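So that you can tell them apart, the chains are marked A, B and C in the order they are listed, and the count of residues begins at 1 in each.
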Amino acid sequence: MDFVQNSWYVAGWSKEFDFDLVPRRIVDQDLVLFRQSTGHVVALEDCCPHRLLPLSKGKRIGDDIQCGYHGMTFAGNGRCVRVPGQDNRPDSAFVQTYPVEERHGIVWVWMGDPDRADLDAIFEIPQFTDPNWCTHLGEALSIRAHYLNVAENLVDPAHVSFVHPTTLGNSASENVPVHVSTAGDVITAWRWIRDSEPVGFFQNFGGFQGNVDRWHYYHLHLPSTAVIDFGSGASELHLGEEDRDQGVRIFAIHFVTPVDADHTIDYWMHVRNTAVTDESASELMDTLLRKAFQEDVTVLEAIHKSEQRPRTRKPTRIAIDKGPNTYRKRIRDLIEAERTEYLGDPVDPCFIHHD
Amino acid sequence: MDFVQNSWYVAGWSKEFDFDLVPRRIVDQDLVLFRQSTGHVVALEDCCPHRLLPLSKGKRIGDDIQCGYHGMTFAGNGRCVRVPGQDNRPDSAFVQTYPVEERHGIVWVWMGDPDRADLDAIFEIPQFTDPNWCTHLGEALSIRAHYLNVAENLVDPAHVSFVHPTTLGNSASENVPVHVSTAGDVITAWRWIRDSEPVGFFQNFGGFQGNVDRWHYYHLHLPSTAVIDFGSGASELHLGEEDRDQGVRIFAIHFVTPVDADHTIDYWMHVRNTAVTDESASELMDTLLRKAFQEDVTVLEAIHKSEQRPRTRKPTRIAIDKGPNTYRKRIRDLIEAERTEYLGDPVDPCFIHHD
Amino acid sequence: MDFVQNSWYVAGWSKEFDFDLVPRRIVDQDLVLFRQSTGHVVALEDCCPHRLLPLSKGKRIGDDIQCGYHGMTFAGNGRCVRVPGQDNRPDSAFVQTYPVEERHGIVWVWMGDPDRADLDAIFEIPQFTDPNWCTHLGEALSIRAHYLNVAENLVDPAHVSFVHPTTLGNSASENVPVHVSTAGDVITAWRWIRDSEPVGFFQNFGGFQGNVDRWHYYHLHLPSTAVIDFGSGASELHLGEEDRDQGVRIFAIHFVTPVDADHTIDYWMHVRNTAVTDESASELMDTLLRKAFQEDVTVLEAIHKSEQRPRTRKPTRIAIDKGPNTYRKRIRDLIEAERTEYLGDPVDPCFIHHD
């Protein structure tokens, strides 16, 4: 099972990283992260090259990590700075390091070739720092499923009516067609449901009296960051695509981090243009989204188990699959491109950091 | 690991099937069963052909099942009746269905070629409807073992003295020879233990004062339904084979349903010619049999684990194996015959139901 | 994953073996042990050759074991003495037996060719019976790790400062070189830490006021018995290697029994020249060692999991590995020698005992 390597993935919220050693598995690689005295978070291969004990089982000595078995000690740049019992250090005494960047309370780690780690590629939206919007970090949702199934769910508005009938959707949208378009590394699936009752979520947040126009824009940024722009406006306003800020508008953002082939973490947060200074609104929104996302988890984990079973026929494809299908094709192309590149380049990626 | 496909297997008791969607795995195939408004139980492949979510995770819409992910909806005949978001339905939008028959409170499902589903092949005995007999449905015993080991135990009177020394057997029978004969699809192993103390079970049910003649007839109907005809009569009656109704006679019936290679359900029930209107006798018998069958489970699950271990020599065969050996040979022949047939017939069995 | 077969391994303490049937897995073979009426413990293959039920699920009939399924009965020499339902006994009706020897409350079993079971090869030290010493049997430590990792830890003094910083070691020893030598089947790694504070253990047992000289001698007897001779003496005594009895001296002895490739039992005990008649000292020592050994378990189980992960580079070797490296090479040679021998000898080792 392959993953896109050359990408920034979310390793957690800033508040999770401090003096303590934090283990994380991302794209099937084991990392240990910690915040150095400079305030900078570093990420190292979580495996002592000597006897393979995870370094996260060791302890910090200042800004270094000392292995918990024989005390071999590594600096934040991956170099071995001490081998107890001897003066020299063998060439192989190092651990790989991973570029880390922290923004808006989110810790990103680059899992591929470090020379390509482009800070401009980190996900950003202007609303993160706009005082007319409230940005609220949510939780880490652990899902026993393959990340492609998790991510494709986030470019798939059609599931909302059936998986979230009382929270994010209702039956009014069941047959409303989904549009899909692609621009660069972003696949967007969207639809408007005009002139229908507000769904559960906007009964809580909109204060709407009558029918609303409701929109769902699912922007999936390759490889696996999703921005779900959803909102409602009173139907009599006849809002157009460009008028969404006039309605109650929310971005539910999902940073989908592949752990391994059977496990995914969905770090989710939200940004809104309503009740922007009301912390209790953030908490209520957390509660509602937590319930809705758990509905997804139930489906995704059942599918993951089902996919392990022998099959005798190919899955059926239907019209609403356009977003997921486009997404999967793009991921396959990215993985294939990385594979081809590595074949053409004899440098072992594991040794790139050692200099 | 193969199973006999062309057979009726018990999916449960009638009382288990109602409005709710009930998942079952039988011969390593996943089914969803439910009772339609007509009163008829239907069985469908428990897997939406779109994204493989088990349909049992969806919900009923009248007599149809709506998938819990994108709302694709299937009728009881397996045909797709709705694909939300589009008007047409792809050819592959169907699920396999399985013939179901319900008799005497027992739900049977046919797991093979539906054209061969012969209602006359369903297990039947006249005592089920005879007012001189009491028929009582028991329980579903879940066993982490291969079904052949479970079923062979039911054509094997010799184990009773050792596995059930205080319930169904005692030491008097340890060396009494076992007879085995075959008639059509029924293998029978039997023995009489003459003029010995009544075993625990018949101390409870017979009211015997002195010694008894006790019989055990194990009838194993291929592939895996067992009728254990056991009973006792006062020794001075000198009962012959044809006189068993004059003694206290019980049929313990086991419907052995293979779940997969590591799991079996034994649906058991009993029929008796004593205390026929006494419900508390049924409950007492349940209690005694439940205890005895648990003794089998302990043995069968330990054997299943042992069979997974590497072996350097072949198992020993002994005289009392005649019933089990005959049974295993018949099952191998049945599976081989089905395999040969399918090879000669290019129709994919998964598509048989689509018309 | 291979094991040294031609060796005595500890199966448990004498007090664990009595009338009851005790199952044990050693070097991936399943045994059942019990104490016969003669007082002698016997070890048989824990698998009835008929239907593979572990004999430990059966019951004792005098000094024999009766299988819990069909009553096939085996004497302590592995021969079948009864097959219910028939008079003769098939040639294959036997179970392998294993030589057993009991000494000082320890039960040893020989897992290889019984003709080579040499009683003189059983581990022995004079202190076991010396009234100036106290011998105390400890516990069985279950470790989910490969036994080579467990055993190499016991010829590796360098880990003590880092794994046991508050119990068996302290930072004073971090850079003190380790010496390694080999004599016959014993690999010894040792070092002295001169003129430093007593470690936690000897703060409890030595009653030392000032600095001490502390020694650690790790004697690893192939394949997997370790004697850790550690102690302390007041620094002003300037103890030499031969003077250790003048200090507080303890032997922590580990009998490392491989269960299978993923599981090891460490039977540990201790022998000391201090407080020899004080039972509470034994208990205190148990408590301290139990805590220290649990520190090893944490490390060893984490390494075992780490070793299952894919690796792209070879482990680094460092100076303090000399003991472990020597040990692993010796074990590889032993296993290779056994393999070569068996290839040259066509007798199936499973049948050796049948005569």
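The working rule: a residue touches a chain if its C-beta (ideal position, glycine included) is under 8 Å from a C-beta of that chain, and two chains touch if they have at least 3 such contacts.
If you're wondering where the values come from, they're calculated on a predicted model, not measured in any experiment.
Peer 1: Rounded to a multiple of 5, how large is the rotation, in degrees, that superposes the C-alpha trace of chain A on chain B?
Peer 2: The rotation relating chain A to chain B comes to 120 degrees.
Peer 1: Same or different: at the chain A/chain C interface, is the fraction of residue numbers used by both copies above or below half?
Peer 2: Different residues, largely: of all residue numbers at this interface, under half are found in both copies.
Peer 1: Taking each chain's centre as the mean position of its Cα atoms, how many Å separate chain A from chain C?
Peer 2: 48
Peer 1: What positions in chain B touch 2 or more of the other chains?
Peer 2: none
Peer 1: Any idea which chain B residues touch chain C in the complex?
Peer 2: 156, 158-159, 161-163, 174-178, 298-299, 302-303, 306-307, 309, 311-321
Peer 1: Show me the residue ranges of chain A that touch chain C in the complex, using the header's touch definition.
Peer 2: Touch residues, chain A against chain C: 30, 47, 49-54, 57, 66-72, 83-86, 90, 92-93, 348, 350-351.
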